[in-house]
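See structure below.
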């Protein structure tokens, strides 16, 4: 199982990550961060689906995402 | 007659809009006025504030260090501007966002206005700024509410003119809230 | 007149753009820079609407040289920028002065040196009044302190430019550019009669060719040209303009221009409430500098304090103007710190002759 | 024990140390942030972080030194390529790059970039083309598309009076002194990966003393395009790439990557 | 030392180039312009011979910005030009001042404004001493009057630039640039020890990254930076340099700098032969201007006459310096007319206190 | 009578009136003089002398107004194309041309010429490329040939440090806004006749409101080449034409003349 | 018969005209003009040979030459 | 000791060369000296002149309006500079080119030197300039002929050093011509 970690205080809610996630795991939350931006999150129901492909992190203009993968995680997309 | 106010908040809170509106209202009443915007350094998400001066005489400085009154829409603005308010100055604070505990009650004439809640009830939180201005007009009594309402069509473009009635209402509710306090 | 009957609430930058349109400006050349971008933004539309020409140039240098070209054709033309951009225009301004071309240049000054900041500043006083370019030339310089003055002096800038065939600078700062005030947009766009342009280029049809240049190589020619220019600068002295506020019974005269002038005015008012005998002298034309009226005040035995939003530049002109009778103190608000009346009270009070003496 | 091994995590995406741990001043969805990260990554991969001198320019990227922890000098608007020439000639052993917007590089700085390129200065130029003057509020840029509305072309850019948007990568590629010139985009993952490789090449060339490398990034400026970040991102992939084709326009290695 | 034992007969321009080599100049950036072209022509060979870098830039602006880049690396570096070219460098000089970069800039001034002529001129005094660019900055300015001084002051310019981390201007004119005089090329090329460069860029290897910039956006930051710069300019006052010639018993002090200073010296000699009590004060550093010694002379009750090969610029500084005790007359030789001692005799005699008073 | 008719002479070569009857300041064998005469001829032929505004530049041609009796404005060095833009936008009904050397147009003025061309300003540019800064005494120019010795490249121009000589006609031809771009020479009668035709076309385009026309003249500077006029003239026909090929590089009429 | 007229005070002796004359009619004289330049001339012996083609005048950088042709002059080269 | 001279002629007459030579000669004798060239505006064919000042004290102005002596190589230079010569000043004129009738004989110490003819006899008219300098050295007596001869190797490049003996001769003949007059 893989997962994406969102640094909420960095996220500006631009949603670019949502355009590249092959599993459509990310979406806008209702939460606002300290700078007043609505931030993205991974709804609990979708957390299983993350493949750890890092696409979201690659496109994030605010370096808000880091991605972790199970050492024996499935056939996820390779990073680079 | 002389009055000045610093209006401060986050970038998106409509601080400049009510500053402009106030200046228009004053101008339409035949007063002298200046509107001086100061933008935060950052492009977005920074703080924004403006200073409006109203007077029946020629205005000297458009910049005021110790204003007679203050409209604050977020916490950092309280920290920055409250200490500068002259004794007995009027402080109108949006307590939907600001912790009322940090407001000085003794030195100042402080008005806590839950502007977001009031605006929410009108159906759109976006009008918290108008609620605040309405409250300030009532608190200072320096211009009639109607003059601000009457100037709304000068700050809204034609396409947005349908929003005017709601904004009138928000102004009014701000004023009423203060009157009720 | 439809323009007359209502006030407009506009930024100083917009007032300058409206003033240019009213003055009959035909060509405007721009390169973006904060805090003056409203000028090109407004003129890109409104100048074209009235049949004028707007070109966004590739650089400030190109813009200044387009201005040179357009004025060579006798057109009312303008460029605007802010400090670093104005520095880049200096060579072209020197050429315009040397070729006697009536360009109008607006400088909405910002904090320097270098990239500095976009804060208000009066740091370009030297550059503007002494010619930051090369050689002995002067640009008439007008320093508005309000949006209405920004409008009026822009119109005046065009008139003076053509009267003297000399570049004219309108010098403001970020306060003037960004603040809004009511103005009366009182002037219908001027209709030009094409008179007095017998030096301008249009093709030598049935007349001798005309030549606009600043190169004078033959022996003594440049000296002669410079003599002519210097005589013109002398003649300009009659365009001195200034405001005096409660100077009559004042013991101390505060001297400040532009935005700083109006901020100082508030301070003077506050001090008058405390019965301090202080007055304000606000130069409106920075070149020619209103030396004579200052000298007159100095002869009356008054004290002087120059207030500037820079490290002390105009103070040179004040001291030179009054040197036969008096000297001036100096209080500087360095660019990067926003001046306000309260900060000025202390320095002014300290300079009051009673205390200072 | 077995279980523990099964859940042991590996961080598969990490930010290089040269990238500062700080929030940026960029607007939501601004591509400058992506380009910054790619740059950090490439310098890290090549192991040249400690050798690098960044020549900053004036534009929304003016604070690049807050994000890339490198020796940095600030240039006057448009002059980064000349400043970098001075830096590189002074310190030939350093890796030197400029980071410039389209107003900076292609308008006021056109002469400086053309000449640095023509002299074949052994440096890398990172050119971020977002078709507007971002920092000053969205005026007409040299790369503004025909018909595009900006604050100084409110009826849209006119080919007749403003000319055609400049294709800098092609112009630069046309100069004999240039070693490498390419255009990339960061609007989707495929393009980002490709951009990373090309940028790396642009720096590797310098490390190998091969000469002048130029990499143009097509970039979104949602704020001044008055679009949402997602719309702006889509514009890059559509309209922009149509006019500004991606690819390597000059590569003296001639290996097509 | 082979260089010591013979004199060289060289042009002032060549003396400057030799001085730069002796000072250890590592990088030089040029764009051709009369009357200073011998500097790039000589350095294109001799600097490269000693392992330095010569780049002929595409423009003066590029040259100035290459200078900015090279000095950011802590290199001794120089650019040179003449008036219009120097006007174009003003923005970059303002950036160097703001970023505290020690560039050396040579201006072999020519007649202006505009294209003017290639005649000698001192018309860039204002530009140089007050910063023709934007914002409050100052460049140390040295004004040699002979080829030997051109050589020596060029060396000094590099030392001062690094001592204060500030741009330094060497201001000459076409007379200085084109005349030949014997000089002693006395200094072996300095060997730099690389010390005191803990601000310069070389890649952040095992240390914190360094940043050279002039942008200060956060509240009050630019004001703080400007305060620091102003303090530095105050500290520079101790670099004041000047020559006095027969001032002790003089009733009239003639003040003139550079070539005009030595032409005035001949005039003073001729008048001394006629027993006129006249002396010469020649500022060598124009910024900082030698105010204190002038003030001292003024306090002694002497009269003053400023002589300039322009329309009157330095006279401002003279008058400011002596304003507590005296005032200065002014005689100008306008650019385009070659000054000579005979032309100065009349004006000086007329200004003699006996006659003037 | 018959005899009188037989000896009656016809002047088969005459100088147009717009050319001043004065000696020039040019050195012996300088091609500026030939280009000046061609210009006079073309303006005369097109009948536009009284409509024309000349935008002079700084270089050995700085005194063009002494020779061509036209309304003239002097530009700062390199800025003629910007000045001409101002002139043409102010007075669109005038015929406007710049006359610029290679230092002026291709070095300090590169940005201005590129932008005027790209905007497609309806003007004519006469570019005289003599591979040196003539007026200032023969320094390295943007068009100095590799190996050519000048006062600031005493070992000859080096491709490595100075880059390749710029081919302005080709660069200008590459910009979409340009209508016409061609290179000519005046080193022999055939080339002079051709040059006259092409120059005429460059002005006719403007009269017909077609847009930006650029004509580069290869020219000799015997003085700074340190050659006799005849040697210098031969260098143009040999070495120079080899590197800077003659021809029309862009013609939107597409009729190849 | 055709002839070329040389304004000697204009000629700078550059000899470009001599390189284009098909009849080699022009050559350097010994005369110096008021500016100190040796000037070209057509030696008497060659005057007959001039065809009036104007080539010399076209290339002359100093506009020193004008060319005249007999109205019924021979098959000379045409001017332009 | 103080002496100054303006040397003037056409562009190609070698005026600058003898000015330089004189300055070198003076320097080598341990004198102070300045050499100030002034070029005509035109590129070629214009007039050229230079001023050389020699002194045993520090030199003030390198520019002299009324010189103590004058070397003129062409007619226009006589017109321009002769009136400026101080009374009793030394005028050395190349009368191969200049009409001797225009030279002031009374006010000045005038030396008519047919420099071209003298040089022609040496085999090359190019050395008229050296003849003139030799004449001037003799006429003013301010420097020994040998000092100028000795400095010739400083103004001729190695390749041209074979010309030195002939130039020495030209200098000498100029001096002798004046001595003979």
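To keep things simple, chains are lettered A, B, C, D, E, F, G and H as they appear, and every chain counts its residues starting from 1.
Definition applied: a contact is a pair of C-beta atoms (placed from the backbone, for glycine too) under 8 Å apart; a residue touches a chain by one contact, two chains touch by 3 or more.
Quantities reported herein were computed from a predicted structural model and do not represent experimental measurements.
Should one ask which of E-H and F-G has more C-beta pairs in contact, the pair is F-G.
Comparing the CA-atom centres of all chains against that of chain D, the greatest distance is found for H.
Chain centres here are C-alpha means, and the one lying farthest from chain C is G.
Centre-to-centre separation between chain A and chain G, using Cα means, comes to 86 Å.
Separating the CA-averaged centres of chain A and chain H is a span of 89 Å. Chain G and chain H have Cα centroids separated by 39 Å. Across the assembly, chain E contributes 55, 58-59, 61, 84, 91, 95, 99, 114-115, 213-215, 217 as residues in contact with two or more other chains. Shared contact sites, meaning residues of chain F that touch two or more other chains, fall at 26-28, 62, 74, 76, 108, 110-111, 114-115, 161-162. For chain B, the set of residues that touch two or more other chains comprises 41.
Within the complex formed with chain D, the chain A residues making contact are 2, 9-10, 12-16, 18-20, 35, 37, 52, 54-55, 57-63, 65-72, 79-80.
The part of chain E that touches chain F in the complex is made up of residues 30-34, 37, 40-41, 44-45, 54-56, 58-60, 84, 114-115. Residues of chain D that touch chain A in their complex: 5-15, 19, 23-24, 26-34, 37, 186, 188-189, 192-193, 196, 222, 228-230, 233. By the touch rule above, chain F contacts chain C in their complex via residues 49-53, 55-56, 62, 65, 69-76, 79, 82-91, 94-95, 111-112, 114-115. Those residues of chain F that touch chain E in the complex are listed here as 58, 62, 74, 76-78, 103, 107-108, 110, 133, 135-137, 139-140, 142, 151-154, 161-162.
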